[in-house]
Amino acid sequence: MTTTAKPAKNATTTHRSRPGVDRRPRTTEFEMLRDMTRIRRFEERCVELYSATKIRGFLHLCIGEEAIPVGVMRALTDDDAVVSTYREHGHALARGMTMGALLGEMFGKQSGCSGGRGGSMHLFDAARRFYGGNAIVGGGLPVAVGLALAEKMRGTNNVVACLFGDGAMAEGEFHESANLAALWHLPVVFFCENNLYAMGTSLAREHAQTDLALRAASYGMVAWPADGMDVLAVVDAARRAVELARSGSGPCFVELRTYRFRAHSMYDPDRYRDKAEIEQWRHRDPIPALTEKLRAAGVLSDDDLTEIEAEILTEIDKAVAEAEAAPEEPVGDLTRFVTSEPRREQ
Amino acid sequence: MTAQATAQVELTYREAMREAMREAMTRDERVFLMGEDVGRYGGCFAVSMGLLEEFGPERVRDTPLSESGFVGAGIGAALGGMRPIVEIMTVNFSLLALDQILNNAATLLHMSNGQFNVPLVIRMTTGAGRQLAAQHSHSLEGWYAHIPGLRILAPATIADARGMLWPALEDPDPVLIFEHGTLYNVSGPPPDPSISVDITSAAVRRAGRDVTIVTYGGTLSKALDAADELSAGGVEAEVIDLRVLRPLDDATLLESVTRTHRVVIVDEGWRSGSLSAEISARLVEHAFYDLDAPIERVCSAEVPMPYALHLEQAALPQQADVVAAVMRTVDSRA
Amino acid sequence: MPSLGADMETGTLLEWLVKPGDPVHRGDVIAVVDTDKAAIDVECFTDGVIEQLIVEPGRRVPVGTVLAIVGAEPAGQAPAPGPAVTTAAHVTSPLVRRLARDQGVDLAGVPTAGPGGVLHRADVEHLLPRKRDRMPAAADHLAPAATRRAMRASPMARRLAAAAGIDIATVAGSGRDGEIRADDVRRATQSGDRPAVPNLVRVGGTTAAPTATAPTATAERHPDAMRQAIASLMTRSNREIPHYYLTTTIDMTAATAWLRARNRELPVSERVVVAALLLAATARAARRVPEVNGVWVDGELRPASSVELGLVVSLRRGGIIVPVIADAAARSVDRLMATMRDVVERARTGHLKSSELTPPSITVSNLGDQGVESVLGVIYPPQVALVGFGAVLDRPWAVDGMLGVRPVVTASLAADHRASDGAVGARFLNHIDRLLQRPEEL
Amino acid sequence: MTPEHARELIEQTLLDIVPDADLAALTQGVDIREELELDSLDFVALVERLSERAGLRIEEEDYGELRTMDSAVRLLTMHAAGSSA
């Protein structure tokens, strides 16, 4: 029996009390709360759109893990590179890609960030150095190492953030990538989103050694775990790892312990987890956790929350409308970009 | 270490490829070589001998035995603005990197709707004939020629070994270069530097009017020898060296076949689902009314390559097989 | 019925967890559905009150079918935009609508089996003619094996027989099992060709010269291979194509004056020769006269959609090659000049790309360069025209009754009488003439 | 520019265009274009390279001077005299 997480507070649709006065404090914690909520509402809408057959194929949601994308992306500069996985909506939104670009992609429309060709698992954005999701578990790791090799050889001080799950730790490619990165002191940070399950296989049934940070350290790189359900802890860990990698001392590994409140994907009956465990992790939901902290500090009011929810709802509705109205790629372009287009004759 | 004579009378295939890599790394600092034992050991087939001393460990990088790892890293470095040459020791080990080559290198540009190019060159040795037995004797370039998004080259001559690398590095898309293991020691006159080498078209290595022999890479010499033997018997065979296995140069093939009306395809891959099967199908599709005899294919026997010399030779396409096949097309009484 | 998986087409409602009148909120689980893979909870995406349960437990329905109707909350909130679309008479899902559209079924008239006017996939499918009985019996279209064997003739043999108008069955096959080959047909038609004569080129781009990248010396030992290819091509051209010839003399005063003045302004490397003007005029004119710009195949003219201009290039060691300038009509004089210089130079050094040897739609021979006054060419099959230009020479020329000396060129057209007749050919040449009188507009 | 230098320059340029040209045949009064079978494209390439190498601009009006080897040498020595060698 899965239930989606209740919104932080039962948002009543009261009218904004003081129009025009913008008294919201611009603290980063406030921004992070808004960013996390934005990811959650977006993905809740994706569930609806999938049920209504507007989104097809596979859909992997990160509801419950929002602290990680928001925390990690905040530690990166625009010039750093990001390599993600198929559970990438949060990473993409936190990296700055628009809801319209994501929904257009999942609707298979030309307005999508990959022109409708990639779908939920293959979001790309060259301008933001977002080198895409990858549907092959572990497939992105060697590529991230290569990107870092290029940064080092070109003498930039950019860093490559490589995000992946605990499942990828069992792939040969993790072993090869970690060893290469450490051997050549490459500026890559391995962010392992350990949500305790590789699809239907729990951590203890997929790894002989479940202390993933310990395993990563054996490759000769700095590695430590962090609380993936606390966005402030994630930001802190991410900043330290990125600075270390940027210093040139070599790669880092951060095991972000987290939990997904919904199934592996829309296609998964989620019978391998018992409800009590899910409920127990719900109590550590990163969004209400930060909300209470800001409310206690007196920097967050009911109005603020209402405004955040209203803004996000408008943004989502606009993106859905945009995606529905957007054209599909003409079939005639099917073979474009199989290989590069020949240089135009003058 | 072969003596590096300055006024070179002859150049080996291996030296031609080494010269090509040296020239590329000198001309463009984005170019670097990465692979198992390419540096200190000088390359498993001594192709990169001396490059480490000349360009240093940053640009001639020995890698651990992690094909998926360093091929994926090559892809990432290409995405990151470099122009890597990744050497996979032999096509047999490339199977460990097939996922990276297919799902990342070949696919990224199309899947990202044109945002990400992968200007990567991967070199690997291929083919049998040196009694290395089943696991070290595969000829799988036909598999890779199946994948949209890749350009597949098979340099069979010294001129191509010397000339193909630079245009391959300039290609914004991934290019795989297959070097047949038996060619490294072949020597010949140094190629004329003024003649530019393309990576788009096939070459007619021998003109002829009675039959078209289509082949590539390691079997070109056998095809030419067969043509000479046939010529003595009054049959003039045209020998086409494909040079590029994807995209196939259909125009050159069709132009020849519509003149000779008989075709023999020589391919060291296994017959079923091989490159020769694809070429045969295209010719039937586009030159059906010009065929005066069934298309013949001379391929490896469909067996794991045996170690024993006499068995390996029996399994591989030979000159006599090519001659017999040609005679079947010229005179059906043969 | 929500889509709960990539390849889910239908789902079976297992049980309802709510009943009419129950209030529901976003995210509540209101039913359980079996998807052939597992039982999955179904969420409600709106706040409201259950008004009516339409599909009863145990029924399998296609994705998109309306399972229940959620009424508005008493507080007047608008009813939830459920996935189903209520048409006047029926409730249909996108899946059913697409099926109907594909099969051309008008939904309005379709009787509904289910309660509540819900149209299911089955309702639409039983309207379609059953496919099974319309398939022809598999056996009857395969000719009995016996007759097939007797007629083992190669495709080319069949083509030659058809071209020569003889019945293939009458030809004696020389093969081991009586196979009939091209030589057999040639012998039967006594067309005089020596059996060993190389067959004719069917595709345009009459390159016979081996490309220069052939390192082996043997390519040079057979220069006659090219000579033979050209010979056979010419014999076939004369035999198959009913040529007619037209020539005209064109006053080149305006063209040469314009060219000379223009060249004086240009750097030497961009200097344009007369030949470029002649090509431009021919290409523009050919675009206007489809009867000369195309191929004659299977008894009919197939006009080309663009002007693919073949240019006869004589090779230094003898022999010719005909590279093609793609879409010549759309190229400016300067670009034609640059392309011509590049293509001819590469043709002579054997570096033509295969794309430049594709079949031209019309060919120009420019032997005028060798001082010949007029050129009457032979068409390259399957094309239907060849334009020849002689040399630009000073000739006495009457202008408004006065005698003067003018630079003129003789333009000739060899055309296929099956595709065009004299009047069309003349109109084509006159058009070239008019274009050359206003070179600046080329 | 001396006549010898001009002759050598012309011969070198002719060889660029017709690698296997028999220059000995270009004796007094022999028409270069006919002897070497130069078509208009070859000729414009010849003029372009000669202009470059001799550092002078050969106009179309001067083409007549390039008919034979002697007249061509004369053209270069005269016109290119002023230019730096």
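Going by the order they are written in, the chains are A, B, C and D; count residues from 1 in each one.
Keep in mind that, in the parts below, a contact is a pair of C-beta atoms (placed from the backbone, for glycine too) under 8 Å apart; a residue touches a chain by one contact, two chains touch by 3 or more.
Since the model is a prediction, treat every value here as computed from it, not as a measurement.
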Shared interface partners, meaning chains that touch chain A and chain B: C
Top chain pair, ranked by number of contacting C-beta pairs: A-B
Chain A and chain D: spacing of chain centres that average the CA atoms, whole Å: 72
Between chain C and chain D, centroid-to-centroid distance (C-alpha), Å: 47
Interchain centroid distance [CA atoms averaged], chain A/chain C, Å: 46
Where chain B touches two or more other chains, by residue: none
Touch-based graph of the chains, sorted into line, ring, star, complete or other: other
Every chain pair in contact, whichever chains are involved: A-B, A-C, B-C, C-D
Of all residues in chain C, those that touch chain B in their complex: 154-159, 174-177, 179, 181-182, 196, 198-199, 201-203, 205, 207, 210-216, 218-219, 222, 225-226, 228-229, 351, 353-355, 357-358
Chain A contact footprint on chain C (complex, rising order): 2-6, 26-29, 37-41, 43, 45, 63-64, 83, 94-95
Touch list for chain B against partner chain C, complex: 157, 159, 188, 195-198, 200-210, 224, 227-228, 236, 249, 251-252, 254-255, 258-261, 288-293, 332-333
Complex contact set, residues of chain D against chain C: 18, 20, 34, 37, 39-41, 43-45, 47-48, 51-52, 57-60
List of chain A residues in touch with chain C within their complex: 1-4, 6, 44, 47-48, 50-53, 56-58, 266-267, 269, 271
